[in-house]
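Heads up, the next two complexes both have chain A, just with different partners, chain B and then chain C.
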Partner chain A sequence: MSLANKTVDIRENRLHTILHYNGDAQDLNERGKKGELQIGNSGYEQCGNCQEGCAVGQVYGILDAALIEHAPLGCYATISASCVSGKSTAKARGKGVFHNKAICTNISERETIYGGTEILREAILEAKKRYDPRVIFVTTACVSGIVGDDVEGTARDTQDEIGVPVISISCEGFKSRIWSSGFDIAFNEILRIVREPRKKQDDLVNIFNFVGSDTFTPLLSMLNLRVNYLPSQTTVEELSQISEAACTATICETLATYIGDELERRYKVPQVKAAAPYCLGWTDRWMREVAKLTHRESLAEQVIQKENERIRPELEVLRKELGNQRVYVFAGDAYAHNMANIASDLGMEVVGMTTYHHDQYADTREINTLNFMVESVGNVPNYTVCNKQPYQVLKFLKALKPDILIVRHQALAVYGYKLGIPTIFEADSNKCVGYDGIIELGRRIKRVFQTRKLIQNISENAELPYTDWWMDEGTDPFYFEGEHQ
Partner chain B sequence: MSEFIERAKFACALGGAISTLTALPKVVPIVHAAGGCAGYLSNTYSMAAGYKGSGFCGGSMLPTSNIAEQNIVFGGEDRLAEQIEHTIFALDGDLYVVITGCQVEIIGDDSISVARRYRDRNVIGASTPGFLGNALRGYDSVLSSIVEDVVEPAGTRDPLTVNIFGAVPGQDVFYRGNLDEIKRLLGLIGIRANTFFATGENVASIKSYGAAALNLVLSPAAGIAPAERFQEVHGTPWLQTELPIGPSGSAVFLRQAGEALGVDRITVEKAIRAEDAAYYSFFERIVDIYSDLDLQRYAIVVADSYYAHPLTRFLANDLGWIPYLTAINDIEEADAQAAYTERFRDISSETKPLIVYERNAGRLLEIVRNSRPRNDNRKYYDALEPAYVVGSVIERGLAEKLGAGFLSVAFPVSNRVVLNRGYAGWTGGLALVEDLLTGIVASR
Partner chain C sequence: MSGIISQPRFTCALGAQQTVLAIPKAIPIIHAGPGCSMKIFDYAATGAGRQGEGYAGGNHVSCTNASETDVVFGGEEKLRSVIEGAIKILKGDLFVVLSGCTAGIIGDDVEKVAKVFARDGRPLVGVETSGFKGNNYFGHEAVVVGIIDQFVGEARPPKKKGTVNVFSVVPYQDPYWRGDLEQIKSLLEKIGLRVNILFGAGSKGTEEWKNIPKAEFNILLSPWVGLSIVTHLEEKYGAPFFHYPVLPVGAKETSAFLRAVGEYAQLSKETVERIIAEEERRYYDYFVSIGDFIALYQNNLPYELYTSADSLYAIGITKYLENEVGYIPKGIYITDDPNPANLEQVKEIAAKNIPEYQNSLLFEADGEIIAQDIKEKLGTSTRALLIGSDWEREIARETGNLFQYLSNPINQKLIIRQTFVGYQGGLNLLEEIYGALFAGEEVSAATYVEAISGGL
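Now for the complex of A and B:
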């Protein structure tokens, strides 16, 4: 295990990520490529996520690792939901029964005064005793950061005592305004358990993803390739071998281009430099790219032809039925591009999009999902960037009146319903992958249209908290931007 | 030093504050904290409290100062002031409540003073950092501020009006059904109950709570602080009561409230008799199968102190189950534990439950197993069966390992959808019988 590791800078510095933009996709793409946009500020904000949550999400699901959140119990409150999705993902992927192996140090007022390294040390010993893990991850929180606990030093000292690697992840929420910085920080530490390749595994494909269904195995098994889902639901041993894979791909470039880039640089594992396989065209291109990296070009052509023919009849019907529908996408940066792309492939008109942030470029410069989307969908008007901020999105939706809204994060679909717009929550981010994925999304959109009556009733009875001034069509949705203390 | 948490049965104080405020109609929380706190905590209660949802201005709509590193270094009060001003501008609330996360408390922002600057525009503040403790501390802090800053001094007292404290929204997954029933119960004996969160209450009605003659606190762990603040500010006394579940608990509750407010005994007893009669006219239906299907169970109750004794009493005194073990997860001090254990003297069954104070859900199986003699392959071994676990969803695993029936009542409850259901009162007792026994007959 390599103990010396470089640190990774937060995205606002490294990728010149922005949080505020109003314009269209083409303009953002052109100006973003030059990195000329500023992160932006607003004098009124609603809540987002934090980088600790993103970091915890990456290491929590590693099967034989334990996690210690060195935090007050509130930061740990999301673990219940993570445990539920961990269990269902394990079931969906035939990984047996998933067990929670996380502990919260439960920092109280006392530790904010006297420091918390002693309880952290005890928690590490306790985790070793309770779970006998291969690796223990320790995440920091705002409190441990501000109080100044030496988490890294405590981890290092205790590691020697128990003989199990203890890896600290410094991910205090306040340290980055771009919560997806937490992915990079977690992956940077996960790289410590990756070993030098012993033998190349020519049929192994690294797939970085969140939790959810197993849609890559049906796709890649047609090319006689094995899927290595990362990092959730893998063992430490499987993680240590990712340096031996034939190539690396991701379902969402916002998630994993940092580690993809590092694997390429450190261990010569090439990245699939095509857009993720969402929609027909992108799936074909992604399959070809994987095939090229794994030397299966002619097999891929056969598969592509066969699969295209297989789904064509239903796809044609769906395109006919869904054509002319106007869709709005509200999701994370790269994933929003995936969704817009499928919707467009289903014949729908993408009338607007909001992404939670925008990386002006990725760690690997050739991977630019906005550029991929503009090439495939064309320009998308009404393209905005904001850190969730339902108060703004509400005004975009009221002005554009789309027929359907697609969101990616929890607790956002509810606003579509309250406005009377049929809405799809893309909880399982693997679901729309590949040839079957496009059909799947089409069927789901058709299904949600059948709940129109309910959605209408909800919107007629919903009470929104905004003032008449804010709801007025004449009020600029960007009124508060630029002001910030 | 606090204990480690493995499976969380509470969020932090800020979580409790958010869950409390989003349960009040037209109340807008303003969270002064880093970007993740509000959304994560709101989602926790939205998803793990019977899917109670994000409410009027919860979820990702929660106004938050989203403080970043520069605020940690230079202070966040200016950012908070800006956020308050703009929140009032964009959001139409009857009350705005500034609540605080750990970061801003450690760096020393005086958030409550900043909130006070906007007092004339219905802004108040409460200190709710996560490191203060669990969600109940957030409820206490927020309600204490409302008691002090929103409830108006009353000219005259209404001798038959009470305020109810201690039912923490979200932490009590059934809070609204429970409070609606408590209003009904007290109404039976002519008492008007203000509850903050029941159907039809709002900020305007809360302002008039000062006219109450008495405050009733339903929990030993939440609501005492605001009730004491109420006494300091408005001079109103408070009385410790309990969540009344089913006939036994509800009768005790009505007698206690009636006596405290001077309601004549005949009125109280008449109401109890009428409710008992109605209850048993329904309960009578399952008498045919109670014995035929052998519905008696050994009961294991795992809950916070708000639910633990009331549930155990109902199962033993009203349902005829054998209370085997009751585990309480939120009382730490020895004196408070001893006082709580005293409550179980009213358990009328021959077998008295083993009472343990244990926060680590993982240890309960061991406790149950150690409480029984070992089997050693004896032919007539008296196993703990049939058993039934009433706890949070976290105890589902315990129930599976014991081969016991299972119902989740205490937080977290992620395996049930809860709308207007409640377990308080005679009505709630019937609902609880339905839910418990449906679990037993579900596969028939």
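Now for the complex of A and C:
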């Protein structure tokens, strides 16, 4: 295991990520390519998410690793929800029963005064005793960062004592305004587990993803390829072999831009440099790219033809039925581009989008999902960037009145219901992948339209907490932006 | 107090955000790092029986999303700007600024910042609730006292006979709080009291809070959480408090509770007894009707009891199921981490109310220790009822025992207005427990079933 590791810079520095934008997709794409946009500020904000949460999410699901959150209890209290999605994903992927293997040091006032390394040491020893893990990850939080606990030193010392690698992940929430920086920090530390390739596994494809269904196995098994879902629901041993894979792909460049690039650079594992397989055209192209990297070109052509023929009848019906619908997408940067693309392929008109941030470029410069989307969908008007901020998004939606809203993140889909807009909550980010995925999304949209009366009933009786002045059409949704630079 | 924790059952002091949201038209403003507010919401609302954002919670919550610059140079200016924005765009009767760890460590003073707005006539309060200061039971008490001191204020109006303020379950931390508070209010109103319930759909919001000083007395229906609130009210407004430490579940305890309150408030004994008699008549009419089912399915029913919950719930529910439904409490796990003084008090309350099962008591906030104890005690038993959270659900499924949700985290159930409080609550509990018997594969009295899946 390599213990020396470089650190990874936060996204606002590394990818010139922005949090505020108002314009259209084409303009953002052109200006973003030049990296000329500023991150932006607002005098008023609603709560975001933090990079600690994103980092924890990547290592919590590793099957034989333990996790210690060196934090007050509030940072860790949501672990039960992660455990539930871990269990459902394990079941969906045939991985047996998933169990919680995370401990919180429960930092109290005493540790903020006298330091928390002693309690951290205790937690590491306890994790070894309780879970007998192959690796122990330790994440930091705002408190441990500000008081200056030597987490890395404690991890190093304790690891020698217990004979299990203890890897610290420095992901204090306040250190980046872009919560997805937490993905990069976690992956940078996961790379320590990755070994030098012993043999090339020509049929193994790394798929970076979150939790969710197993939709890549049906897709890639048609090419006689094996799927290595990463990093959730894998063993440390499986993780250590990702350097041996034939290629790396991701469901969302926002998630895996950093590690995909590093695997290519360090271990020559090529990335699939096509857009992720969301919609017919992108799936065809993605399959061809994978086939090229794994030398299965002629098989791929047969599969593509067969699959296209297989889904065509229902796809044509869906396109006809959904063809006049106007859709709005509200999701993370790259994933929003995926969703807009698939909606467009179903014949819908993408009338607007909001992404939680925008990376002006990926770590691998030729991968640019916004560019892929603009090429495929065309320009999308009413394109905004803001980190959730329902006070603004509700105004966008009220003004545009889309027929359907597609949302990726927890607790945001309810806004569609409160405004009376049929809404798809795309929590299972693997579900609409590939040939079956596009059909599946079309069916789900039709199903949502059937529940209009419920949506209407909620919207007629829901009171939004905003003042009349704020909700007035004449009030600029960007009223607070640019204040307090 | 407690050290490391796994399988958590509460969150940090910033959980006070949910206490604010439980007051109709009250709006929290969070001065903390960027993920804190959402994590509180995910734990205490979504993970508490899928409760939603309500009027102004979830992603609506205003937050400074403290960044490195704020931590290095101080965040009070940014906080002022967010407060100004919040009162411009949000419709609320009360705004409560809460600090998280970043603000607490660097010394940003949210109370001071809030006071400047309050001086201009804005309904604004600031309370320190840094996560490292304590858990959300602590945060709940802190924010209630903060609102009383900074918003309700120094009034000493004449007392209104028969009007009471109720302090009991912690909103959201008690996943059944909405139904519980409606039930408590309704019970007390039946015996003739006027009730400021203060939280939830049955509360009139800030108007009701402004009336707190007018109450004749306060009721604390809880072993220790809220004790600091009612003693504070006693000092501040000269209103005494009536402390009833046991959650009234089922007929016996609810009748005892109503009698005790009636006596304390010097209500007409005749009225109270009439109400009790009427409620008991209805209760036992339903209760006895379960007899047929019990008799038929006796072979398949659990009788050993394991309860994991905070001191209010663990004692109240265990007492009911032991005393009135004949369960044997094998494990009573009290998870709310009371401080040493309160711990002694809770022990006394438990000794008085579940005297025969003192050996079953374990005060523990680390869920994995609870899980280990349950598994050891269970052995190979398949005639146990486990009552608790997602964590106990996992054990029930592994061991083939029946399960009932009672305490957070609850990610796999929708809770709207359900309650286990009062006469009605006792029946509700039995309906849920035994209803689960049929949630899995067919269970027929004609077939003895070894392990009860209960649909898990």
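By our rule, the second predicted complex is superposed on the first by the 484 of 485 C-alpha atoms of A that agree within 3 Å, B and C clash if a C-alpha of one lies under 4 Å from a C-alpha of the other, contacts with A are read in each partner's own complex, and residues count from 1 in each chain.
Rule of thumb we're sticking to: a residue touches a chain if its C-beta (ideal position, glycine included) is under 8 Å from a C-beta of that chain, and two chains touch if they have at least 3 such contacts.
If you're wondering where the values come from, they're calculated on a predicted model, not measured in any experiment.
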Report clash or fit for the pair chain B and chain C bound to chain A in the combined superposed model.
-> clash
Applying the touch criterion given at the start, work out whether A:Phe480 contacts chain B, chain C, both or neither, answering first, second, both or neither.
-> both
Figure out whether A:Asp157 sits in contact with chain B (first) or chain C (second), or with both, or with neither.
-> neither
Would you check which partner chain A:Glu301 touches, where first means chain B only, second means chain C only, and both and neither mean what they say?
-> neither
Report for A:Glu463: first if it touches chain B alone, second if chain C alone, otherwise both or neither.
-> both
Based on the superposed arrangement, let me know which partner A:Asp202 touches: chain B (first), chain C (second), both, or neither?
-> neither
Between chain B (first) and chain C (second), which does A:Glu126 come into contact with in this model arrangement: first, second, both, or neither?
-> both
Between chain B and chain C, which residues of chain A are contacted by each of them?
-> 43-53, 72-81, 83-84, 100, 102-109, 111-112, 119, 122-123, 126, 130, 141-143, 146-147, 173-175, 177, 179, 388, 390-391, 410-412, 414, 463, 465-467, 469-470, 480, 483-484
Residue ranges of chain A touching chain B (in the complex, touch as defined) | 43-53, 72-81, 83-84, 100, 102-112, 119, 122-123, 126, 130, 141-143, 146-147, 173-177, 179, 387-388, 390-391, 409-412, 414-415, 463, 465-470, 480, 483-485
Please give the residue numbers of chain B that touch chain A in the complex, ascending.
-> 1-8, 10-15, 26, 28, 31, 34-44, 46-48, 53-54, 56-57, 59-69, 71-72, 78-79, 81-83, 86-87, 89-93, 101-103, 106-107, 129-134, 362, 412, 414
Counting only contacts in the complex, chain C reaches chain A at residues 1-8, 10-15, 27, 30, 33-44, 46-47, 52-53, 55-56, 58-68, 70-71, 77-78, 81-82, 84-86, 88-92, 100-102, 105-106, 131-135, 368, 389-391, 394, 409, 411-412
Once bound in the complex, which stretches of chain A touch chain C?
-> 43-53, 72-81, 83-84, 99-100, 102-109, 111-112, 119, 122-123, 126, 130, 141-143, 146-147, 173-175, 177, 179, 388-391, 410-412, 414, 463, 465-467, 469-470, 480, 483-484
